[in-house]
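Following: one structure in structure tokens, then a few remarks.
Chain lettering (A, B, C and D) follows the sequence in which the chains are written, and residue indices restart at 1 in each chain.
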Amino acid sequence: MAVDAWHTAVLTVQLAAVTVLLLLLVGTPLAWWLATTRRRWKVPVEAVTALPLVLPPTVLGFYLLLFLGPKGPAGELSIRWFGSPLTFTFSGLVIASCVYSLPFVVQPLQAAFEGIDKRAVEAAWSLGASRVRTFVQVIVPQARRGFVTALVLGFAHTLGEFGVVLMVGGNIPGETQVLSIAIYERVEMLDYAGAHGLSLALLLFSFLVLSLVYLTNRRWSMGAHGG
Amino acid sequence: MSDDRIDITLRRRAFELNVAIALPARGVVALLGPSGSGKSTLLRAVAGIESAATGRIRVADRDWLDTRSGIDLAPQKRRVGMVFQDYALFEHMTVAANVGFGVPRRRRAQVVARLTETFRLQGLADRRPSQLSGGQRQRVALARALAPDPDMLLLDEPLSAVDVHLRERLRVELQGLFQTLDTPTLLVSHDLEEARQLADYVGVLVDGRIQRYGTTREVFDHPGTVAAAQVLGWRNLLPVRGWSNRAVTGSWGRIRLLHDASLHTAMLGIRPEKVSILPAGEGDLDATVVRIADKGAIHEVHCCLVDGTPFYVQRLWSDPLPRPGSPVGLGLPLQHLVPLVDGDGMVPTQLHRLGRTLFGGVQSCPSAVAVS
Amino acid sequence: MAVDAWHTAVLTVQLAAVTVLLLLLVGTPLAWWLATTRRRWKVPVEAVTALPLVLPPTVLGFYLLLFLGPKGPAGELSIRWFGSPLTFTFSGLVIASCVYSLPFVVQPLQAAFEGIDKRAVEAAWSLGASRVRTFVQVIVPQARRGFVTALVLGFAHTLGEFGVVLMVGGNIPGETQVLSIAIYERVEMLDYAGAHGLSLALLLFSFLVLSLVYLTNRRWSMGAHGG
Amino acid sequence: MSDDRIDITLRRRAFELNVAIALPARGVVALLGPSGSGKSTLLRAVAGIESAATGRIRVADRDWLDTRSGIDLAPQKRRVGMVFQDYALFEHMTVAANVGFGVPRRRRAQVVARLTETFRLQGLADRRPSQLSGGQRQRVALARALAPDPDMLLLDEPLSAVDVHLRERLRVELQGLFQTLDTPTLLVSHDLEEARQLADYVGVLVDGRIQRYGTTREVFDHPGTVAAAQVLGWRNLLPVRGWSNRAVTGSWGRIRLLHDASLHTAMLGIRPEKVSILPAGEGDLDATVVRIADKGAIHEVHCCLVDGTPFYVQRLWSDPLPRPGSPVGLGLPLQHLVPLVDGDGMVPTQLHRLGRTLFGGVQSCPSAVAVS
């Protein structure tokens, strides 16, 4: 049981790390576009990005199941290349997690990008800096707070997913059983002690993560105020 | 004047900017105008940050923009040095990194060393902008903009973010810099004194159009249009109602002229320091003294013409002053009376309404505000 | 089946409406306190308020189960007064939903309160307006955008809850079966057509709700900019 | 002066505010100071929005604050009318609702009718603040603050949010209002001209302490301390290095005095309009003309003393001007030379450093900024 819980925890952390990495890669350009565009497309794209926040995890899970399953477009490709569909695999879990945690990465980044000093960006341009150099040297340092928040929230939220994973990943120990599902299973099996241990660990972890985020934001905003 | 010029049209929602001015090869051009007149938009269009609908911008014999031949250089290619209102320094970089940002890496150390010396920033090279005073921040912003050796320097209200107590000193510093600088400079301002002190040429921008453009002295002494005169701080404006042989009349009285008044003259203007105060009945206009404002070097005598129009006269601090409430005559030397025409598309009815607003309404005289 | 789905939908909407109403009552003073306080307590309270965002629903559900169940403090009180524990009842669901959706109501309100013109508030005080009158006549109108966002997001997120409800409410048709669980049940039963109907309805509803929120925010912020 | 007074201490992080001034029964008290000096904090403490650590505030013979007897009225109870920097109008209410906000319902219609007339807001009663001009917004803010008939009016930089072109006109309006108003008024400003024109009494606030307090004329003519002089725009400051029988010396030269210089005198100040320009060698000090700035009614002659100290002389526009580069003598009339002592806790070494900063460093002369 202890080894089982340890495997599940490692798997969960792996999933969260891979997901957050992928989301930062995809979410940064998306958030930048949302922060700077004036097009009409902005509103529907913003709404789609935020969908996982309010959409029932079961709805999300259902559509991902269809999409990734043997008859879905991604599933068919996967069967053709790897011989199996994506459902009930780690790759499937990563894709589901990315969709599920997208707003937790995109929204802090978008807020950070919207808050940066546009004149500093324009100053960099007029000093001859390319858009890439401006982004790396002027925009990212100003938005560092948003990147930390995105990283931490995205990671923590992926740790906590349940509904989507249950539907897409199932509950295969060592393969797709993550912590939140392990808790559900223990409760169903009336193993309250086991559920208690895992729940307490996740509760403490989540609380620490959020305290860190809010404390950092507060420090930085105070620093900016004082300076 | 060189062949350089700015000639652009630009549209943003309900706003249209339409500017055509020739640029000097060196010296400072100040663009004056009320907020919302399009000053900053023009500067950003020259820098290439805002894109213009049509037009041509030619600086140092290079086309930055020419919509007819499809040229529209990116801001990165325009070789422009820009100093923003609040300086927009890179707060997360050191002073040296700020100054060197626009310089290729191999020449960076050398250029930074030269400019930190020129701008007296030695010893501050490793500080962050947040550790600098207002004056030091301005010097960093200027050094950063000049480091890539730009073909044109653009300054967007460079002193408006500075504490009033520092402003005068920084203005003198800027003046000293401009005197040694070969780069032509475009300065946007809403501060008359700033423009007067720093600029060689002045353009008056109202509602996205240049109302007047010329040397600083020409423009300040002869605003040309009523709108430009108002922007340039002219407060003694007499609406002209009729003109006869060598005289103009208005509800404020009658003034004889040396020559016939132009049919287009909408108002007569005179600067408060050019008016003399005479005994009652002996001047060109009759007036009553309302109050006297002490402005340090000068005293400003607020008068009231017979129709209630406010009129201002400035005296040196040591000159004798009339008493508030007493009748006086005002001497208006003919050579200092400046005729003003309706500006760019202003129709006479608008002008009259403007006149009423200025003289009949808000500023009515004596003070209309009374709390019982 | 159609009647069943209809009952489930009505129950879900009832739950969301009651939850959002309670949350606005509780969340408004909490958000105001968070927006204005300078105390050290702010950071941990902010973190606790945001916990449901990152905490696995199963952890949340597990603790609520313990709290509301026959041996929990709330459950014991409930048994003494009403003769039954709160788990697997509508009241239990409401309490669970309130905890689950708390951040979706508190965070937009807090952001709105932080964004209001403090000088207008001080002007109202110096004009003799009591704190209550200032709140009603000066603060609420300025924060209206935050109230609309809180209402809409809180409602939509409650509609979509799954993990918490599954653990606390169970799956009693007409009593505690809400839409998200109905979808899960249909997928488990391989009734993909039924799952599809419900999922599509919730997807469209969520998208419309979010578009409305973003569109309104955009209109208002543009209006504020222009005026 | 009445028995009314403000006497408070207040601490915020590293900042301490410590102010004690007696208030007049009517008239305008202006508090001048650089940004960060604590001006707005003081105003907010008087209104009760910021709480003071210790002290007493007595207005209209009522104690608003008396920490010794535990009195600390809420802002709602202080009967104070406050006008904020950007007016802080209730943007979601009509003009009438704004003006009437502080008036009990039964008297509201009557008071609103009276004040909209007084402040010429008739016809605007149903508009929102966003549909008003800058001048109208100011009038709404004043009407709203005066509607509950406050015992004291507080104005926080009332004109700083206004476009420069409007500022002069609104200042005249304010002046008219103050002349008819019986409510004592506390005005916070960093604009010298504003304070000079509007205030009956001036207090100079530096680093949270009052450096000088008195009637406007007294304070502007005799700042007393070096710090106050700097805030009040005195630029001709001569650091005193030594004093002998009826003379003071510095690296800038030697000036004979009518009476012995006080041992406490740290600097001598003189206003630029009080200095006369004489042929070289004939004045009290030798100087070189650096440049001439045209400021409309006056010309400002920037000179350079023998040790490089900059010195400013103002002439009327019509006076003859020396040529830049030429040596001149400066006549300093003894009655206009004002001795200045070190302010509040300033030790001589600090003062000398201050002097070096002012005269040796940044403003060194001729212009130290040169771009090769």
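Here is the rule we use: contacts are C-beta pairs under 8 Å (C-beta built on N, C-alpha and C of every residue); 3 or more make two chains touch, one makes a residue touch a chain.
Because the structure is a prediction, the values reported are computed rather than measured.
Enumerate, in label order, the chains that touch chain A and chain D alike.
In this structure, the chains that contact chain D and also chain A are B, C.
On a C-alpha centroid basis, what's the spacing between chain C and chain D, in Å?
The answer is 53 Å.
Could you tell me the distance, in whole angstrom, between the mean C-alpha positions of chain A and chain C?
Their C-alpha centroids are separated by 21 Å.
Please tell me the distance, in whole Å, between the geometric centres of chain B and chain C computed from their C-alpha atoms.
55
Could you tell me which residues belong to chain C and also touch two or more other chains?
Touching at least two other chains: none.
Can you tell me which residues of chain D touch two or more of the remaining chains?
Residues of chain D touching two or more partner chains: there are none.
Report the topology of the inter-chain touch graph, choosing from line, ring, star, complete and other.
ring
Write out all the pairs of touching chains, ordered by chain label.
A-B, A-C, B-D, C-D
Which part of chain D faces chain B closely enough to touch in the complex?
34-35, 114, 118-120, 135, 146, 163-165, 168-169, 172-173, 175-177, 179-181, 190-193, 196-197, 217, 220, 230-231, 233, 235, 271-273, 291, 293-298, 302, 310, 314, 316-318, 361-363, 366-372
What does chain C use to touch chain A in their complex?
The contact residues of chain C facing chain A are 42-44, 46-48, 50-51, 53-59, 61-63, 65-66, 104, 153, 156-157, 159-163, 166-167, 179-181, 183-184, 187, 192, 195-196, 198-199, 202-203, 206-207, 209-211, 213-215, 218.
Touching residues of chain A toward chain B in the complex: what are they?
Chain A residues touching chain B: 117, 119-120, 122-130, 137-138, 141-142, 227.
Would you pull the chain D residues touching chain C in the complex into a rising list?
Listed in rising order, the residues of chain D that touch chain C are 44, 47-49, 74-82, 84-86, 88-92, 101-102, 128, 130, 144-145, 147-148.
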